[in-house]
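Below, each structure is written out as structure tokens.
Across the two complexes that follow, subunit A remains constant while its partner is subunit B and subsequently subunit C.
Entry: the complex of A and B
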């Protein structure tokens, strides 16, 4: 009896110790995010009302999803340049099906199936045919963008009003969904495939020889990544109330920037999802704060470029100084 | 005996050439051209093929810089922005005192080379990952472009630029001539100089190269500088061919340059490859695009066809070796 409680206690202690250690890399990032949050709160006190909070989390939500989508792939040593195209595809599929015979439930299911299917197909090509991920997803982005154009050649379609209002209205429903997604991610990490994720990215050969299902873990990562992207597309469609076949374009670069800001490494196995989420929050805050400060678009671009380089370069300098 | 030796040698040599990636890519181009000229009237006409190669010249020149960067183990995602900066920025350097139009061209090339060097500086000294460094540079340049152009198109009134874009000395478009010169120089630098050897060493194993005395920082900067220079050169040719420069004119060249490099058999992971492959790679890309235009499909189907064809070609030429 006392044995098990002791074991569970030391288990908890071990868990906390490990989490503390994993936080070291992102601690300074959390501080920067906090500083930006305070700046945002001072500039725009409405943030602390329910509506302000809802609007803010809604502007962050799709970026958070694509940052997670990119981070999962980067953790396994992959990358995707098709994120933006998948977001667009998710948006047009949602906008063309939800008011049709399939209804909201059928449309949502279809969006999920499309994301999972395309993601899994990409994963199969990359993993089983041993083609470089960056080029496969580059070619894939053309195919997916073409499919989005076939579904909806020009902006149009519609999302039922009640769905738009409940997802992107004055309630922080999007934030709730994000919390659920993060919890699901925690659960996934506890499954065998989730456990294999880091091992497969950190040292594929070693993991394979230790019996880790490396290929399955990587393909599953691509499938989940696809699901997150089309999900982000659904939300974007709900936000705008219609579909647009090129609405997701900017998400490809922003997803990489957010993941890297969050400390995810390109070589696989390095970084944490909380880091990627913080990275996406920082990027989202940066854009909002610069907007409120009245930066011209030019200055925004310049500042964004400088901040990204600075955020990535600073830890390197500190590491060398040690 | 010496004769048979020579026979064996040349036979094995021929086999090496025939099974090499650049040769295979050339063979695919030839095959596509022959089949297409039977299927579609006018595709195989000299004028049409010359036009294809002229279009490929721009991709090929951007891909020259990209090949250097990729072989050295990096990637340059800022080439599209640099092409645009060159095309839009050139008229700014126009000087009345110089009727030949050479000064603005040199100024633009110097500027884009410096942009490339800054990329290299970030990668080599700040240790920022190439993808992030060049991506951030592209974002930065996008801001710069809005200052320069303000959203409107600029017209080139530079005689030398129009010459490069439109003249046909000896019946060959000047753009192709520039590409030929670039190709020869690039191939020599890549395969017959110490710098080229360092390049491959660095791409194959940065640590081993560093311990063997390769100056990593300067080589990295040089590689990105070359990429900036090439993108600038391509921007000038594009401006000459179009007659107008506008924001977004360089956008197609990012994906095209990477695809040309990979289709040519250069490993995206670095350390392996040659510009001799990127040359037919660029022509192949333009050919595919032209074929898809011939098919006369909707933009959606065209995009799908393009992506699928690149994937299929990748299967033929771009596979990475198993690492187990």
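Entry: the complex of A and C
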């Protein structure tokens, strides 16, 4: 008994120590995000009402999901340029099925299957055929974008009103879903595949020799990433009440920006999901805060660039100074 | 996109007629979304989708000029401008911010015909005047939509070409990108006239981006294949400039050509002594939207859809346009003159 309690005690201490160490790289980002949150709250006190909080988290939600989708891949040393196309596909599949015979349940299932399926297929091609992820997903983005246009050539379709109102109405339901997804991610990291994720990214050869299922971990990462993307698409469809076959385009670049801002390295195995989430939150906050500060569009372009450079460069300088 | 929204607005007009017939007992004929609880001076929000293209910059210029005028009249005290950088999701977030900041009116070029519908419904429910122009939404929760007619653009251009050739001749047709609604709608607008005039022989059609270089390249290769060309039916100003340059480089004689009010094309028109015709998407649609928003807030009834007639440039008035060329950027558009009288006339039409 005492043995296990000692083990769990030192286990907790070890866990906290690891978490502290992991937070080092993103601490300054957290501070920046906090500063922006405070600024937003001061500029727009309505943020602290249920509706205000709901609307803000709804703006952030799809970006948070695609940032996670990109971060998972970058942690395994991969990347995806098909994020935006997958979001679009998820949105048009949801908008064309949910008011049809499949209904909301069937439509949601189909969106999940499409995401998991395309993600897994991409993963198989990248991992088993040993092709560069950037090339495979670039080609994939054209195919997926084309598929989205085939499903719905012009903006249209519909999402049942009750679904739009419950996911993207005046309640912070989207934030609740995000909390659940983050908890699920924590659980996943405790599974054998989840544990292998970082190892597969940081040192694939070493991990393989230690018996880590490197290939399986990487393919699973692509599948999960695909699911997150089409899920984000479903949400965008619910938020807008309809489907638009090119609505997701900008998410590809923004997902990479959020992940890099959050301290995820391009070489795999570096960074944390909380960093990527904070990065996406900062990108989303910037838009609203600059609006309330009354920045002109030109000033917004410049400020956005400066903030991103600042958030990425400061921790680097500090590390070098040490 | 344009076409569907035109249908939507046509049905909206029908709906509006039914509703106004049914709601005669209502004391005030206020425009859609207007509750009458907002008082001057107003704050206007200008939700742009993308501010970088020259057309957009010039459009913003007309909005700013109109707002200056409205400020002097004590009707407006502030203009807030957002730029979604081409991202419809960002545009939704920015419209939400405008609602949060409680602006009195939103003028909008939509990045997607469907995506802003729900956030606009929220804004409309809060009594914010919404004037949507150029790229329209498929939603009825706006105060007014303002646009020209792309099909009419195509029809009038085709009519000029048929008349210029006396109903008989060989032509090239230059289109914008396939699958883009403006491009499709302009081409479709000319189809009936082309069918009715079988002596007009279509040698070839091109689809290029609305830029000079790709159009010039496409026309150059068509010139090699077709030694005899009587006219060029172009559905875009930059395309026309590219075609004129291609003919010039090949040493070919210029032929009748249609186009748009791009300054470069108008200057080539004069320089090469072309027989030509051009129309435009007037930049002052922006100024008109700002004006209309304030009119609606002031309790005036505004039509749910304002169809702006296409201003025409031909050999009779090209000199008037070129005389004002120095006031416009070199890569910009020389739009037709506008004033409050014109705006009032546009609003009076039903």
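Going forward, the second predicted complex is superposed on the first by the 322 of 322 C-alpha atoms of A that agree within 3 Å, B and C clash if a C-alpha of one lies under 4 Å from a C-alpha of the other, contacts with A are read in each partner's own complex, and residues count from 1 in each chain.
Everything that follows uses one rule, which is that a contact is a pair of C-beta atoms (placed from the backbone, for glycine too) under 8 Å apart; a residue touches a chain by one contact, two chains touch by 3 or more.
Since this is a predicted model, take the numbers as computed values, not measurements.
Enquirer: Subunit B versus subunit C on the shared subunit A, clash or fit?
Expert: clash
Enquirer: Touching A:197 in the superposition: subunit B (first), subunit C (second), both, neither?
Expert: Neither subunit B nor subunit C is touched by A:197.
Enquirer: Give one of first, second, both or neither to describe whether A:46 is in contact with subunit B, with subunit C, with both, or with none.
Expert: second
Enquirer: In the superposed arrangement, does A:156 touch subunit B (first), subunit C (second), both or neither?
Expert: Touch status of A:156: second partner only.
Enquirer: First (subunit B), second (subunit C), both or neither: which does A:142 touch?
Expert: After superposition on chain A, A:142 lies in contact with subunit B alone.
Enquirer: Once the shared chain is lined up, is A:208 touching subunit B (first), subunit C (second), both, or neither of them?
Expert: first
Enquirer: Figure out whether A:266 sits in contact with subunit B (first) or subunit C (second), or with both, or with neither.
Expert: first
Enquirer: Between subunit B (first) and subunit C (second), which, if any, makes contact with A:243: first, second, both or neither?
Expert: It touches subunit C, and subunit B stays clear.
Enquirer: Between subunit B (first) and subunit C (second), which does A:217 come into contact with in this model arrangement: first, second, both, or neither?
Expert: neither
Enquirer: After the superposition on A, what does A:29 contact: first (subunit B), second (subunit C), both or neither?
Expert: Neither: A:29 stays clear of subunit B and subunit C.
Enquirer: Name the stretch of subunit B, from among 80-88, 224-232 or 242-250, that runs into subunit C once the two structures are superposed.
Expert: In the superposed model, subunit B runs into subunit C at 242-250.
Enquirer: Residue by residue on subunit A, keep only those touching subunit B in one complex and subunit C in the other, then list them.
Expert: 153, 297-298, 300-301
Enquirer: Help me check something: in the complex, which residues belonging to subunit A touch subunit C?
Expert: So the residues of subunit A touching subunit C come out as 44, 46, 52, 55, 59, 62-63, 153-156, 164, 168, 236, 239-244, 246-247, 249-251, 284, 287-288, 291-292, 294, 296-298, 300-301.
Enquirer: Considering the complex alone, what residue numbers of subunit B touch subunit A?
Expert: 75, 122, 126-129, 131-133, 135-137, 139-140, 142-144, 146-147, 255, 258-259, 262, 267-269, 298-308, 310-311, 314-315, 318-324
Enquirer: If we count contacts the way the header does, which residues on subunit A are in touch with subunit B in the complex?
Expert: 125, 129-132, 134-136, 138-150, 153, 204-205, 208, 253, 256-257, 260, 266, 297-302, 304-306, 308-309, 312-313, 316-317
Enquirer: Can you tell me which positions in subunit C touch subunit A when the two form their complex?
Expert: Residue positions touching the partner: 1, 4, 48, 51, 80-83, 85-90, 92-94, 96-98, 100-101, 112-118, 138, 179, 181.
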